[in-house]
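The first chain written gets the first letter, and so on, giving A, B, C and D; residue counts start at 1 in each chain.
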Amino acid sequence: MTKLSDRKDLHIGSKFIIKEELVKHGIAALPIIIVLLASLIIGLRVPNFLTARNVINILEQSSAIGLMAIGLSFVFIVGGMDISIAANMGLSGIVGAVLMRIGLPPALACVVMILAGTLIGMINGFAVAYLGMIPFVVTLSMMYVAAGASVYLTEATSISGLPEIFVNTIMMRIWKIPLPVIVVVIFSITATKFMRSSYLGRWVYAVGTNIKAAEIAGIPVRGVKFWAYALAGSFAGLTAILNTARLASASATMGTSVIVLDVASSAVVGGVSMYGGVGTPLGAVIGALLITLISNSMNMIGVSYYLTLVVKGFVIIAFIGFDYWIRRGNE
Amino acid sequence: MRKNRIKIFTGLLIFVLVFVACTTAAAETFGADETVSEEPTAKSEITIGLSWNRKDLQLIEAWEDYMALHAKALEDEKGVTINWVINVADGDVTRQASNIEDLISQGVDVIIARAEDGAAICASYNAAKEAGIPFITFDREAQGCTVDAHVGADSFNQAVSAGEAFADLLEANGVKGKCIELLGDLRDQNAVNRSEGWAKVEAERGAWETVLQVPTEYNPDIFISGTKNGFASNPDVNCMFIVTDAGWGLVQNALDEIGKLAKTGEEGHIWIASQDVDIPGYQGLMEGYMDVSTSYDAYYHALEVVKAAYTLAMGESLENNIILVPGRVVTSENVRDTTDLWARDYGDYQE
Amino acid sequence: MKNTNILINRLLKYGLYFALLIIIVFFAYIAPSFITANNFIDMLHTLAPNLIMISGLAFVVLTGAIDFSVGSIAFLAASIGTYLMVVQKVPLIITLSVIVLSAMIAGFLNGIIVEVIKVNPLITTFGTMLAYRGLGYMIGGAKYTPIPESLAQLHNVKIGFLYMDTAVAILIVVILYLIQYRTVFGRHLMAVGNDRENARKLGVKTSSISIRAFVISGFFAGFGSIFYMIQGGYMTPRMGQGLEFTGIAIVVIGGISLFGGEGSILGLLTGIFTFYIVENGLQHIGVSPYIYPFLRGGIIFLAMYADSLKTKFHSLRKVRT
Amino acid sequence: MNNSHFKLSMQNIVKEFPGVKALDKVNFEIEQGKIMALIGANGAGKSTLMNILGGIHQQDTGEILINGKIITIKDPLDASKKGIAFVHQELTALSKLRIMDNMLINDYPTKLGLIDDSEAKVICKKILKRIGSDLAPEDLMEDIGPGDQQMIEIARALVHKPKLILFDEPTSSLSKKEKDNLFKVIKKLREDGVAVVYITHLLDEIYGLCDEVMVMRNGRVVSSGLIDEFPKDRIICDLSGEDGRKKNVTKKSFIVKDDVVLVVEDLNRSGILHDINLSLNKGEVLGIWGLMGSGRTELVRALVGLDPIESGTIYSICDGHKKQIAPHDLRQLVGLVTEDRRNEGLFQPMTVAINLSIANLKAFLGKSGVFIDRKKEKNEVEKTIKKLNIVVSSQSQQVRTLSGGNQQKVILGRWLQRNPELFFLDEPIKGIDVNAKAEVKNIIHELTISGKSILIISSEIEELLGFCDRYLVMNRGSITAEFPHTATKEQLMEASLSAREKGIMQ
């Protein structure tokens, strides 16, 4: 534990000062500036990049990862880890889709998806908070179980032919802005507000910063942990709704394990520390935007897929390293 | 504090420069200017958007090259320039949806997509339709919607034809087959079709019975362990159906290690039917260890899809919008004189 | 008090073996062919390359870090290797050493990023996981390249009743075990994993230790990739895919705690054995293929749960007395 | 230099940290065969000085001489090469490794590259014997108690056969027995011609142990000389810069009428707590006195459910009727200050404001019932800061940048805001400077006046004297004696000691 907490100090310390500033400005400024600058410069080089369509495109593409990143940010801030979030999303989506196919009204199916996600989140939360299992281990194995269940339920075929109304409503555009984007914006802002200025949010930060002290200070530590995971689960469920609607189908391939790492790096890029106690959901979403931006710009430029992998990998690392460099500068 | 601001700012610049440098370098080395399209005004130039679901197979490389090849030919013939915009979804359904959206926003004239998920691709198709861009599914069919065109191998019938040939072979040699079937990735509709085609012939002809199915998920060590365990649990097995002969090398070693590896006509030969005539399969056929496989004719797939893409891009319509390239049955006898096998062009075949 | 602690520990420790035994008996009961010596020898044969690939990973985990990039390193190294020996026709010995060397460099890069640039290991190795795979493709394309006969023929060389690669894998595990428990480096490794800050205070060069761990991880990834190719006879484009998670799962099932500083390299054997025995057993009893992943997941979950009980028990004991 | 007469001196050492001048022209000298007590309040600079010797920091100016030769100390390893060993206050244990690993982590005996365990065992056994410890080198560190772990720290220091050993409050986690043993060891080291620097807060310890004293304050040496010239009260006033005794707060009125608010019956936790029975009255300060390891801290932790209990019942009495209450629920009613301020009290990286309000957030909720009304919070925090005069630059200062005293006040302030009826204070004045001590005790005093009930633990017996309404003496996990407020130091001491014998007889 010492090991973690020490590195945590090293992480949070000045970061927290930054946070205090950002709390005033309300966002994780760094990634957003980079997003803007980068997209500007790429925009100059590549036609069709800064077109309204593509911008909306990027927003829409980042919405799924963004939502999951919000969920994951709760877990990160409480000092945990959730590898299963993508698999969870896949499974919830499949459950919902199956139910829609057998004639459950879409509205209910959506509720079920969220519930399913939450339930899996709760199992994680229970194992971590009350059984004292290691988060990474719990969620890693949960990932296997969920992914396995997905294959089993779908017999590996994809479930399509979902009700038109479901797809259309979710993918509805309001003044050209896709509903998912709006949803993400709303959730990221409310979640951030909730984390920063509700007492529950404070508790989450406190537990993530120093769990012992939190316990002494009379905070229901276990409950806080539990609900952080549950919340992450419900966001996975929410994402499931978006994805099933976007693909007008659900399949076991929806929650491939690579996505998790995308989500995790979004959160971290967005300034959410894996060691707990630092960062905001909004930051995580902006991180997701940055990650999406990388793939999208690569596509627009027409870089070969192989090189895209290389660039993406190193850009993520470069960003985190650079972020750390600045924080160290602050100390 | 000011000091920090400056530091942040400089750092920011550095980072963005790095970022852009990467992309720029990328763009230069990989000919961004060719691939990036202008808005299609004159039809003297068309841009084809190509969305791969993944790119970790040589076959896909082959497809891509053949497409370019045929496109060139077409350019000379019709006097148009054909640009390509290509992206890869890395086996992730949602990312493929995103990628195709990217293609749409780049305003390509036609989209070719190898679907990661047959059902999910429909959403992308609808998006393309809204934008008025013709949409072709390649190799993997869309489920639940009819796209503007589909070009691909007929994975079901391919399996059937291989099965038929295999049945003939067994009957000719008076063998009653007991077979192990190595399945593919069950999330891959093609793999499932192949298995079903195989099952169909088994039911109709009764030339063999499948005693064990092993899902390999295309995972190499399962090709090996699956084979070995199969023979361990059923010693009297005398034939195998391998979902794709890309895995033949593994099976070959496995057989070798349990002393079951023998060429056709030799004592204790295991009768092998497979699909694709991939590089290892080509080798297997040439060496006479494998008996039957149906060629997966990348060359013709590419030819057909480019033709279709061109026609649709030109705003004309196809007379037949489902183009299935029949696989050619390749046996250890006729393999040498079968033409246009991509495995021959791409493999480093070693006698 | 202390004795009961130890007792409970033992129980938890051997719980996994017990579970393993039950699984084996179960499969043996359903499918007699499962319990044959040949089957086990073959299983050991198939799992050997992966075992070699992740044996180094165990060291990284012991320092309390994580390495997702093992699979990609293996792939990158192998791509370079095949390019050299197949396309350039470079002599085998040189090629093999290049493979191993490049893998070590890749690992070293991970270490540098983690320890010098101070990027969280998880993110670092995720990034490099993508990057290395990309590089691999750029070098070798994505083809099934047959490797030279001189190398390929080694695939069914046997040492005693074991296949060569199995023997090598076991040898490696034993050597690593010696390194872990009988060398200063090994002890420092455990120290770093156990409590990085205190280790530093005691004058252990923590950074260099964990960098070396990453290098070792890279080394064995590369080394394993050679046996992987030998076994398949081909360089396959999907080499090492999915190893980022399965690798860690195996290590954890082997009782090596993700908090670091706890567990023995020998655990790797149990871990990978559990992992493969399920796969193998299911193949023997031939159930509906679709349920494989689910069962596999379930087993992994149970195994990991057992491990966590152990860790939890330790933390319980830390309640101040 | 082994045969020569070892003599180390530091001259005009200056060390600045951002903002503070930690050391200002400090001169320091020690020679072999001497034990020097280094005394000073927190932030007086004694640790910094020793850290420079230990190679953890480097001085800005000034030089270090060994036997007249100027030397530089690059890092801890370098220090130990030069014969300087450092026994840190906080344990640097590697819990999952064996004792021998903890001792020899940098000096394993090897045979052809492989560690020679048997040889290592022999070495460790020898050293452990020398400090009179019978621990087995192959035991796991996490299986031995904190006291033993402290002993291992010392054993580790001896591996290099040092000429100079720095002890930084080594007794903070030792039981009486271990402490005596440690002193024996130190004296023996002196005979072996080792020089010892002994940093401590507990003045009692230095008499009879040390030969010389050096008192520091605010980065300067106030006074130094032979121990005989330093009676306790002189040291105290040197420490505090004024006459410390005046500061020593004593209660004016003592309550005797019992108006019970908390009753504990037959509390048990095997091996740690035995049949604890106690009651706490309204507005009283109940002092729990006991030697290290007597179970006083464990008692408090058990009461509030931080440690498990096997049997026993707790009743809380509010306005007349008595109802049973579970430890976890009790925690919600108690203002709890634990011994380990750094790890269990504070959210180090967070702001003072957050640290102050964390326990009481629900009081600041706006109409929504979920969100915090920042204005309300700010005012409340401001009030508390004023009331306890916590020295901070702003509410959003990181709490970890505060001095020990102020940190302690923050924790107390947290509970003052929550304003519970009961306070359990474990070592509330440990390791904070004299003035802060006085202030904290004043706060406690005011609490009792406003009718709060306080259960206080302190290892510094004088601090309790004249401050508590009642005393309970604990030993070996059971309460062995009770005294009224008139109790004298001798009585308490005597009780705890005789209790010890009784304990042994049981």
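The rule we apply is simple: a residue touches a chain if its C-beta (ideal position, glycine included) is under 8 Å from a C-beta of that chain, and two chains touch if they have at least 3 such contacts.
Here the structure is a predicted model, which is why all the values come from computation and not from measurement.
**Student:** Kindly list the shared contact partners of chain A and chain D, in label order.
**Tutor:** In this structure, the chains that contact chain D and also chain A are C.
**Student:** With chain centres defined as mean CA positions, report which chain is farthest from chain D.
**Tutor:** For chain D, the chain whose C-alpha mean is farthest off is B.
**Student:** Going by the touch criterion at the top, tell me which pair is linked by more C-beta contacts: B-C or A-C.
**Tutor:** A-C
**Student:** From the mean C-alpha coordinate of chain B to that of chain D, what's the distance rounded to whole Å?
**Tutor:** Here chain B and chain D have centroids separated by 70 Å.
**Student:** From the mean C-alpha coordinate of chain A to that of chain B, what's the distance rounded to whole Å?
**Tutor:** Computed from C-alpha means, the inter-chain centre distance equals 33 Å.
**Student:** Using mean CA coordinates as chain centres, what's the gap between chain A and chain C in Å?
**Tutor:** 29
**Student:** For chain D, jot down the residues that touch at least 2 other chains.
**Tutor:** In chain D, nothing touches at least two other chains.
**Student:** Give me the residues of chain A that touch two or more other chains.
**Tutor:** Within chain A, residues 151, 155-156, 304-309, 311, 314, 325 contact more than one other chain.
**Student:** At which residue positions does chain B touch at least two other chains?
**Tutor:** 55, 186
**Student:** Please list each pair of chains that are touching.
**Tutor:** Applying the touch rule to all chain pairs gives A-B, A-C, A-D, B-C, C-D.
**Student:** Any idea which chain A residues touch chain C in the complex?
**Tutor:** 2-3, 6-7, 83, 127, 131-134, 136-138, 140-149, 151-152, 155-156, 257, 261, 264-265, 268, 274, 304-314, 316-317, 320-321, 324-325
**Student:** Chain D touches which residues of chain C in the complex?
**Tutor:** Those residues of chain C that touch chain D are 1-2, 5, 178, 182-184, 187-188, 190-191, 194-195, 198-199, 201-204, 261-262, 314, 317-321.
**Student:** Flag every residue of chain A that touches chain D in the complex, lowest number first.
**Tutor:** By the definition above, chain A touches chain D via 5, 8-9, 12-13, 16-17, 20, 193-194, 197-200, 202-203, 205-206, 209-210, 212-219, 277.
**Student:** Show me the residue ranges of chain B that touch chain A in the complex, using the header's touch definition.
**Tutor:** Within the complex, chain B touches chain A at residues 4, 7-8, 11-12, 14-16, 18-20, 22-24, 26-27, 29-32, 34-36, 38, 52, 55, 85-88, 90-95, 97-99, 101-107, 116-120, 122-123, 126, 143-144, 185-187, 189, 192.
**Student:** Where on chain A does chain B make contact in their complex?
**Tutor:** Going by the criterion above, the answer is residues 30, 33-34, 37-38, 41-42, 45-48, 51, 53-54, 57, 60-61, 64, 151, 155-161, 167, 243, 246-249, 251-254, 256, 258-259, 292, 295-309, 311, 314-315, 318-319, 322, 325-326, 329-330.
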